[in-house]
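You will see subunit A twice below: alongside subunit B first, and alongside subunit C after that.
Coming up: the complex of A and B.
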């Protein structure tokens, strides 16, 4: 199939591994899904920090379960990317280790306090889920299929994240102030989560023409702001002065001053050139190496068994 | 000869064990299973299996998981926050609730 025919036929779950697809499509889909899979890995690695800091056993269990889910999502996504025939799973994981694999801006900032848990687990995850829900209608069928399972699980993450926010904002004044300070720091990054404005997006048009994306960056950001700003306010958080965001009652939209955001930092992050990116990628790589013995002993155990063993 | 019988209520559902029948051969076992286990309960399909073909591992020999309360894993647990502000969160919770119901029905 050539690109023109593909664009005509593009629609939700239109293409699967049995279709003969042009290289442009397969490369664009690989780039998008690999980015998504890398983000699940790096988000999971970031998130595991919260298990240590969680103030109760229930929270620790939920945080651990969430990390387990995220790493599982990465597996599903690498599988969906691999079926495009451009890169193998091993190649994609190696690129991530070498610092060449790209991933979401919010996961380039190391976290070190429990006050950051609702930033990641409620706002960032909420944004991710909004985006993922639209990807159930992506044109690459294995990607859409992975989204069914991912979205099934994400509801727990977002509600758990909101529950942490509710708990912290209903506790001492010192806690509420710390959450507000953390929110001031994270909010601009969260607004940038959906990427640059449509006019500056490199890949948006092509991805929409071939049905990989069904919704633009700006539309997603608008939907996110409409749902999540009222939530932040409900718990007593105040939006920082910048970026300026005005609610327009006439259109029912939040108007964002894009120029108030630090796009230079955003693009540095997008190239993995931000100084803390190297920290995140490196610490994840060292941890991956540190538990190599677990993978090796599991492989050795599996090959020594006569009958296949089901995983728990 | 004893044959263990498994009944499936609807297409796509699991076959679950529902009892056994005495029969001299496979054809008779299928017939008896129909009469004894497929008449009163809603049935889409039956399996009959020679009893000696069923292998067992029990809690004397193995440590099974599944006894841990994993309520922390489900969106429904966090009922002090409301999912209705975002359609995708609400839908995920609905799917999880459906799945929990289906597990209980097994």
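Coming up: the complex of A and C.
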């Protein structure tokens, strides 16, 4: 099918591996799903620290299960991306290791304290939920199918993240102050989570025309702000002065002053050129290389198991 | 400490500490599939720890004293569970899990007919999950014991075996634990059975197993509260946030899918 026909037929779960699809579509879908899968891995990378820090046995179990879910999501998503026939999982993992794989802006910032747990597990994941919910109607059927399971599990994560926030904000003044400071630092990144304004988005138009995305960045951000600003306030958090966000009673929308956000940092991150991205990616590469010997010995073992059959 | 409490602390602390170590591999395991598998095992072990700590709570303890505010030298786990991993040393969790889970099965089977009904009634659930852990470890051992990676398995075995012996180190109430029928076999007998299973199996993979009577034992034994430096570091790292936060109680999430 050519691109024009594809655009006409585009709709929720419209295309599957049975269809003969133009390269532009397969590449765009691969880029999007690979980004999503990479983000699960790099998000898990941050989240795993909360398992060690968790201040109760039940919380610890929830944290370790969450990291496992994230790796499970990465597995599903890499598979959904592979079905497009553009790249193998190995290639995508190698790209991530080499610093060529892209992932969500928020996961380029290292975390080191429990006060950051609700930033990642409630706000960032809450944002991710919004986006993922709309992707259940993406045009690439294997991606939409993966979203069914991912969204179900993310629901538990966000609930746990919210509970961590509720607990912290209901505890000592010192804890509340630390959460507020952490929120001040994270909030601009979280607002940027949905990417640049529509006019600056490179891939948005095409992705929407072919049904990969059903909702624009701005619409997603709007829905997120509508849901999460009241929640932040409910737990006693105050929005920092910048970026300026005004609620317009008339339109029922939050008007964001885009220029208050550091887009230069955002774009540096998007290219993996941010100083701390290099730390995150480099640390992952070191870890991945440290167990390269295991993958090699698995390959050797599989080959040795196949030899007798090959001789038949 | 009563004999029942001693028995429960050994069970719970082993499971908790080994799980704490296993979770260090999350995101760092060699492949996505092995990451998921070891994470499953870690969660099972945390779940078992919780089950035994819960029983201690029924006997009057509180979670904060069981874990968060207990001094590191009051923990009774085997030193096998606490050792730090070297980066990239995947042979270690494989060998550790094999040695541990084989011992764990024997110990649990000797609790099936415990004179303490609260213990006997909980063993079944734990036993049913340990089988998978052993299969997982064995399937890895068999793969890694061929070719060049065998040296790494051997190195892990040489390092871990002396610590694994502390799984069977008696505590101060060992005599009562057996005479009161809390456990239906002595640690000495369990250790003999463990040798009968592990030594021929490991040798069949081309590994050489240290001679139990001749191997140099670490001075610390775990079961008496003496531990390696790795444990004190680990204890500090998993309790520091708890102390920083100063909550009244460790949070419970039972019934919320946690």
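One rule holds for everything that comes next: the second predicted complex is superposed on the first by the 288 of 312 C-alpha atoms of A that agree within 3 Å, B and C clash if a C-alpha of one lies under 4 Å from a C-alpha of the other, contacts with A are read in each partner's own complex, and residues count from 1 in each chain.
Convention: contacts are C-beta pairs under 8 Å (C-beta built on N, C-alpha and C of every residue); 3 or more make two chains touch, one makes a residue touch a chain.
Remember, it's a predicted structure, so these values are computed and weren't measured experimentally.
Once the two complexes are overlaid on the shared chain, A:230 sits against subunit B while remaining clear of subunit C. When the shared chain is aligned, subunit C comes close enough to touch A:300, but subunit B does not. Of the two partner chains, subunit C is the only one touched by A:74; subunit B is not.
Touch criterion met: A:153 reaches subunit B, while subunit C stays clear of it. Once chain A of one complex is fitted onto chain A of the other, the partner contacts of A:163 extend to both subunit B and subunit C.
Contacts of A:16 after superposition: neither subunit B nor subunit C is touched. Of the two partner chains placed by the overlay, subunit B and subunit C both lie in contact with A:65.
By the document's definition of touching, neither partner reaches A:198: not subunit B, not subunit C. Judged by the number of subunit A residues each one touches, C leads among subunit B and subunit C. Of the two partner chains placed around the shared chain by superposition, neither subunit B nor subunit C is touched by A:215. According to the touch criterion, the shared surface of subunit A, contacted by subunit B in one complex and subunit C in the other, consists of residues 58, 61-62, 65, 156, 159-160, 163.
Listing the residues of subunit C that touch subunit A in their complex gives 16, 20, 23, 26-36, 39-40, 42-43, 46-47, 49-50, 53, 63, 67-68, 87-88, 90, 143-144, 146-149, 152, 237-238, 240-242, 244-247, 250-254, 256-258.
Across the interface of their complex, subunit A is touched by residues 65, 70, 72-75, 77-78, 80-81, 83, 85-93, 95-96, 99 of subunit B. Those residues of subunit A that touch subunit C in the shared complex are 41, 44-45, 48, 51-62, 64-65, 67-68, 71-72, 74-75, 78, 113-114, 156, 159-160, 163, 167-168, 171-172, 175, 284, 286-287, 289-295, 297-298, 300-301, 304. For subunit A in complex with subunit B, the residues that touch the partner chain are 58, 61-62, 65, 126, 129-130, 132-133, 151-156, 158-160, 162-163, 166, 227-228, 230-231, 312.
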